[in-house]
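In the two complexes that follow, chain A is the common piece, with chain B as its partner first and chain C second.
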Partner chain A sequence: MNKRKTFKVWLLLFPVVFLLYLFIWRPSVMGMVWSLFKMKGYTPTEFIGLENYIRVVSNTEFLPILWNTVQYVLWSILIGFPLPIIVAFAINELVHAKNFFRNTIYLPAIMPGITVMLLWYFIYSPTSTGLLNQILAIFGAEPYGWLNDSNWVILYIIIQKTWAGFPASMFFYYTSIQNIPGDLYEAATIDGAGFFRRLWNVAIPRMLPIIVLNLVRQIIAVFQVMQEPMVLTGGGPNNASMSLGYQVYLYGFVQGRVGQALSLGTITFLILIVATLFYFKIEKKTTENL
Partner chain B sequence: MNKFSDKPAGLFMSSDLKSRKGRMGYWMLFAFVTIVMIFTFVPVIWMVFTAFKTSAEMYSSAAFFPKDLSVGNIINRISEAWVKLDLGRSIIQTLVLTAGHVFFGIVFPGIAGYILSKHKVAGVKLVFVLIVWTMMMPSIIRTVPQYMSYMSFPFIVDDKIRSITNFNVLNTYWPIWFNDAINCFNIILFKNNFDAISDSMQEAAEIDGCNMLQIFFKIMLPIVAPVAFYVGIGLMSVAWADYFNPYLILKDAELYPVPTRLFLLKNDPKITPNNHLMGLMFACVPPYLIYVIFQKKIMGGMMAGAVKG
Partner chain C sequence: MKAMKRVLTSVMACLMLAAAAGCTPSNTANDKDEQGRTVISVGNWPATEGEYLTRITKQKAEFEEANPDMAIEPDTWTFDLQSFYSKAAGGQLPGLYYANFTEIEKIAAGGYYTDITDGIERAGYKDAFDPRLVDLITYDGEMVTFPTDFYATGMSYNVDLFEKAGLVDENGVALQPKTWDELLEFAKTIKEKTGKNGFIVPTTNNYGGWLSTPLMWSYGVEFMKKNDDGSYTATFDSPEMIAALEWIRDLKWKHHVIGDEALVTPDDSRRQFALGNVGMMMNLPKYKTLLNYEMPLEHIGAMAVPAGPKRHVTLTGGYCATVKEGSTEDQIDAAIKWLEKTGDGGKVTEQSKKDMEASFQNTLNNGDVVGLLGLSVFAGDNEYRKLQLELTEKYRNIDAKQVKLYNDSLNDESIELQPEVPVCAQELYGEIDKMIQQILNDENTDIAAMVKKANSDFQANYLNNLD
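So, the complex of A and B:
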């Protein structure tokens, strides 16, 4: 009876486990293994050790692209990370039109990702048809290149990403702010705490686990950014917005350098694994404290 | 004034708002939220207004508002863009894709979550641990090897069998649907919600002679319907948002769904920005309708997911 049950359970679980093995577990491991092989098309042929890695790392574009990716992360920590927290706290404090603001600010979260990216592609248009250049025209300024400006293009992409992403995170923070009991604020007020003390000593400590969790999650996600540079700039101008993720895509599917795609993917993976392990450590702590 | 005195406890207490300084702080916060709202709204409104401008008007005038917002002009613009964009075929493809997303993305993670929660026979725990780990593994390492798996599906021996059978799932929707079936977030979400159901329910159904699949479809899935609903809505929006996977997997342009078509139109010199923006608007309509119709259920599901997800 028991054996029969075990068999039935595994029979039911088999499709999912098989697909997980084929599409996630095996590719994750083999990605690392095959990165040590010479690739003919998408077929590994012979073991060549670290040759793929040497090619990737000795490419003069490697370090600039790594630095670009770090810049993506830094800008997103600077802009995309604090904004939803501040907005969530602010909306929670409102007594006028609170639901109106909460619902309207949620709007970008409903738009499909690709439409948001393309919408901002047009907003940033270097011609006079773009929204930002229309605004500049009001002040009599010449059209500006926006995404063609290699100094700031990463910032502009992060602004787009923030616009698309902050409403959902905002909602996430908002629900957890609402779970902070009002008694805590009242007790703090009786003890003489003002606005900033209540924020710093009552609200932030309660929110800290979720905030840190989200921060690490965001770093991991932005470090793998690929679609935004692909849609908005194609990595340009002059590779100024090229990210590791998009470079992996180009190596693997456009330039036919599959071996290098595998090894660059592995390099990125190894960098991120540190952040991932850190994430697991905090997550465990957080779930224990909940 | 009444609103201030009734304010629930928070960063601002109602006592703070009696003073002039406190009220100024409050209105500064209010102004900040208003600015954020403008920041979220202006791009959307600009998209709508520019889509309703004729091409001549768009290129000649930098005005924010279109000159002619009469019903006739709006209908003209919609029909002109519709003809130019030629999205009919890809809308049908997107609907097919959506149906598969919802089916595979609810049934398989649901069954997996059910087994992980209620049938912990030998080895199931290990699968659960692996799934939890998979969830946060950086996916970048899989970009290319996953594609190689599509090429050799369902075999895991790559080159030899591939060259003999010449069968693979590229240029079909199957890889996209399979990836829904193994969405680890949703598997865990289902598992957590099944965990909340008492085991006695399961035992009673077993005594009544139901088999596992019957229990899942007739008893368990209906109980977690709000979560299934939430997952399903998420899957529907993915179908309207994901341009990348179809672009990677499909070779036939005929099979491209709307997002991929919109992405490729960027390189089409015949498509002017106003028509392209109209296309973006078309693509926003289905997710927006889903949101409006199911708003209550979405928020309910978010809460259910937030409990432990």
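So, the complex of A and C:
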């Protein structure tokens, strides 16, 4: 490519690169740099090295909150990860009412996030008026605390998050299934393969890169969970559902500890960078296979 | 292709200019307009059409006519922590912005104010403020903000449930629980006679901690002490704190007078109260939210906070107006004059009387409760206070007996008024929230061990990390 052409390419790329610099790269790098400073609001005043990091990591709540965040990810892998794959295959196998199920299952994805959380707030209400407790009452059971149960609160939040988020992933998988050449299925059927055999030997291998890609994306997204504990539990009971993301919010916007918010944000970033590098590797492989 | 290049170059140039402008915050207020008038932008301006906007626009016109060298620039921003720091860092705060007292620490620590000491003196307010407020609004000898509202935390009660439970005297005025133990008896009576919960304790968003401080103080709890070197030591690992938390625990597990929830948001508590499901709750003398939940006005009642074993004390709070960082003397003068125009100044003139009347009318038009008294921002038995009392009575829209217990308590000198703790208030409230959640979740919680840990965590995580 000659210099003139290279110049034109850069010229075309420049607006995008500039916007990326302005809205993503610059704030990210500045956040990391400022995490080494004493902050007066959003203004760095004095270089203090790793002091903000020491404060964050030595906070007696740091390790419990980190463990909570890991639990969010583990539960989401257990529940939120397989569900959309299963539903996508189930819809694909439907002969009748396929469109009806496909569209109605997608409904939670188009509901505003805050509405979904409020809806689940009432579903999980620990009083006898809560939807789940009304169902329990039919079977003669006492009302249960749901989000008030510190042992299982993260699981319940993940169930809500899965309900709201799985339709989008499900469509992702559904489209992927549709792209599997029909003759592969037909050949497998002629060879006597049943549904599960076709699934295991034909569909899953073809979809594996996309499945792994989605898994990594999910880990990255759930590791940053913030809105759900903020709205549903306020991080409680007794910090049992507090996440790193929500703690960053509290540092930055409630307690006015901007330096610590930036440090914890950077720590989260460093943890996630490992997953992100893995994601890029998988994405490259996926793109090559498409 | 040449045309394309020109377009791209222009777009890039615009982007760079926009970015450069956006990246260069200016904390110096633009203080003059083209007519040479001092301009001050004012926050909390109504964003929607309505009577309030009409009235404040009229006030603006009157103000600019009476003060031809000053101009008001409306700004609809209202204080919220999500946007506060970014606005402050970008120099985009309104020239005069309003916030709750609890935010003064952040405003002062960030330096997002102009010292108004001289302006206050020029306007004749030197030594005018209630002495209890002076410490609160002064940092390092500088007056950070102008207090516009000052109130004492009280209790809300449901008039209907009190009547059904027989907790009223022969004149139909509710009985005042004098102590926390008596409040518990009231709650039991309400539960027994009406089937509704006697009390509700919010437990999230730092709200439970905030509203529980009067209870804890009244048991003799001291949350922290200031050391000679300026540092603070957490001091709430005490038998008094344990006793106060045991009282809350027993509300649920022993007496069953509160709900089953361990997580109660501020909105939950207000909604439950407004729907008539709860007899009493700690509350500020602000009742608009209850009316928003369609609580009938005739069911709203306000009373004093009960006394504890050691003290009879309540928490004070309020609202204040701050002149933003980098403002000029002329802007400070304009800001104070505007506060006088909107009924927040302490001077009584024919015009200010009209302005204050308009302010009360506006409160009524907004569908708010008029009849609850606040504390006076200004010291002594001043003219302004008299006018406030007179207008509150004139525009009162709630039966006097529904607010009598609260209003009378403001003159009760046996009730101490105490502001919130001087540092790490939100962090402390967060620790208290967690403890209340824990005891409402598990009746067998080892409260002494929990308090010891909370005290130690609060010291290590926050008080040891003060800048």
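As a convention for this text, the second predicted complex is superposed on the first by the 261 of 290 C-alpha atoms of A that agree within 3 Å, B and C clash if a C-alpha of one lies under 4 Å from a C-alpha of the other, contacts with A are read in each partner's own complex, and residues count from 1 in each chain.
We take it that contacts are C-beta pairs under 8 Å (C-beta built on N, C-alpha and C of every residue); 3 or more make two chains touch, one makes a residue touch a chain.
What you see is a predicted model; the values in this text were computed from it and never measured.
Asker: Could you check whether chain B and chain C clash or fit when both are placed on chain A?
Answerer: clash
Asker: Counting residues of chain A in contact, which comes out ahead: chain B or chain C?
Answerer: Of chain B and chain C, the partner in contact with more residues of chain A is B.
Asker: State whether A:82 touches chain B only (first), chain C only (second), both chains, or neither.
Answerer: The answer is neither, since A:82 touches no partner chain.
Asker: On the A-aligned overlay, A:253 touches which partner chain: chain B = first, chain C = second, or both, or neither?
Answerer: A:253 sits against chain B and chain C alike.
Asker: Going by the contact rule set out at the top, does A:22 touch chain B (first), chain C (second), both, or neither?
Answerer: After superposition on chain A, A:22 lies in contact with both partners, chain B and chain C.
Asker: Mind working out whether A:203 is in touch with chain B, chain C, both or neither, as first, second, both or neither?
Answerer: Once the two structures are laid over each other on A, A:203 reaches chain B alone.
Asker: In the overlaid three-chain picture, which partner chain does A:182 touch, first (chain B) or second (chain C), both, or neither?
Answerer: Touch status of A:182: first partner only.
Asker: Determine, under the contact definition given at the top, whether A:49 touches first (chain B), second (chain C), both, or neither.
Answerer: neither
Asker: By the touch definition at the top of the document, which applies to A:38: first (chain B), second (chain C), both, or neither?
Answerer: second
Asker: Pick one for A:14: touches chain B only (first), chain C only (second), both, or neither.
Answerer: Touch partner of A:14: chain C, not chain B.
Asker: Among the options 62-70, 152-160, 188-196 or 278-286, identify the stretch of chain B whose C-alpha atoms clash with chain C after superposing on A.
Answerer: That would be 152-160, the one stretch with clashes.
Asker: What residues on chain A does chain C touch that chain B touches too?
Answerer: The answer is residues 12, 15, 19, 22, 42-43, 125, 252-253, 258 of chain A.
Asker: State the interface residues of chain A toward chain B in the complex, per the touch definition above.
Answerer: Listed in rising order, the residues of chain A that touch chain B are 5-6, 8-10, 12-13, 15-17, 19-20, 22-28, 30-32, 34, 42-44, 83, 86-87, 89-96, 101, 104-105, 107-108, 110-115, 118-123, 125, 128-129, 131, 133-134, 137-138, 163, 167, 171-172, 175, 182-183, 185-186, 189, 194-195, 198-199, 203, 220, 223-224, 226-227, 230-231, 244-245, 248-249, 252-253, 258, 261-262, 265-266, 268-269, 272-273, 276, 279-280.
Asker: Chain A touches which residues of chain C in the complex?
Answerer: 5, 8, 11-12, 15-16, 19, 81-82, 85-86, 88-89, 105-106, 109-112, 203-206, 259-263, 265, 426-427, 430, 433-435, 437-438, 440-441, 456-457, 460-461, 465, 467
Asker: Enumerate the contact residues on chain B facing chain A in the complex.
Answerer: For chain B paired with chain A, touching residues are 3-4, 6-13, 15-16, 25-26, 29-30, 32-34, 36-37, 39-44, 46-47, 50, 58-59, 62, 64, 108-109, 111-112, 115, 119, 121-124, 127, 130-131, 134, 136-149, 151, 153-154, 156, 158-159, 175, 178-179, 181-182, 184, 187, 211-213, 237, 240-244, 248, 259, 262-263, 266, 273, 276-277, 280, 283-284, 287-288, 291, 302-303, 306.
Asker: Applying the document's contact rule, which stretches of chain A touch chain C when the two form their complex?
Answerer: 11-12, 14-15, 18-19, 22, 38, 40-43, 55, 58-61, 125-127, 143, 145, 147-150, 233-234, 236-239, 250, 252-256, 258
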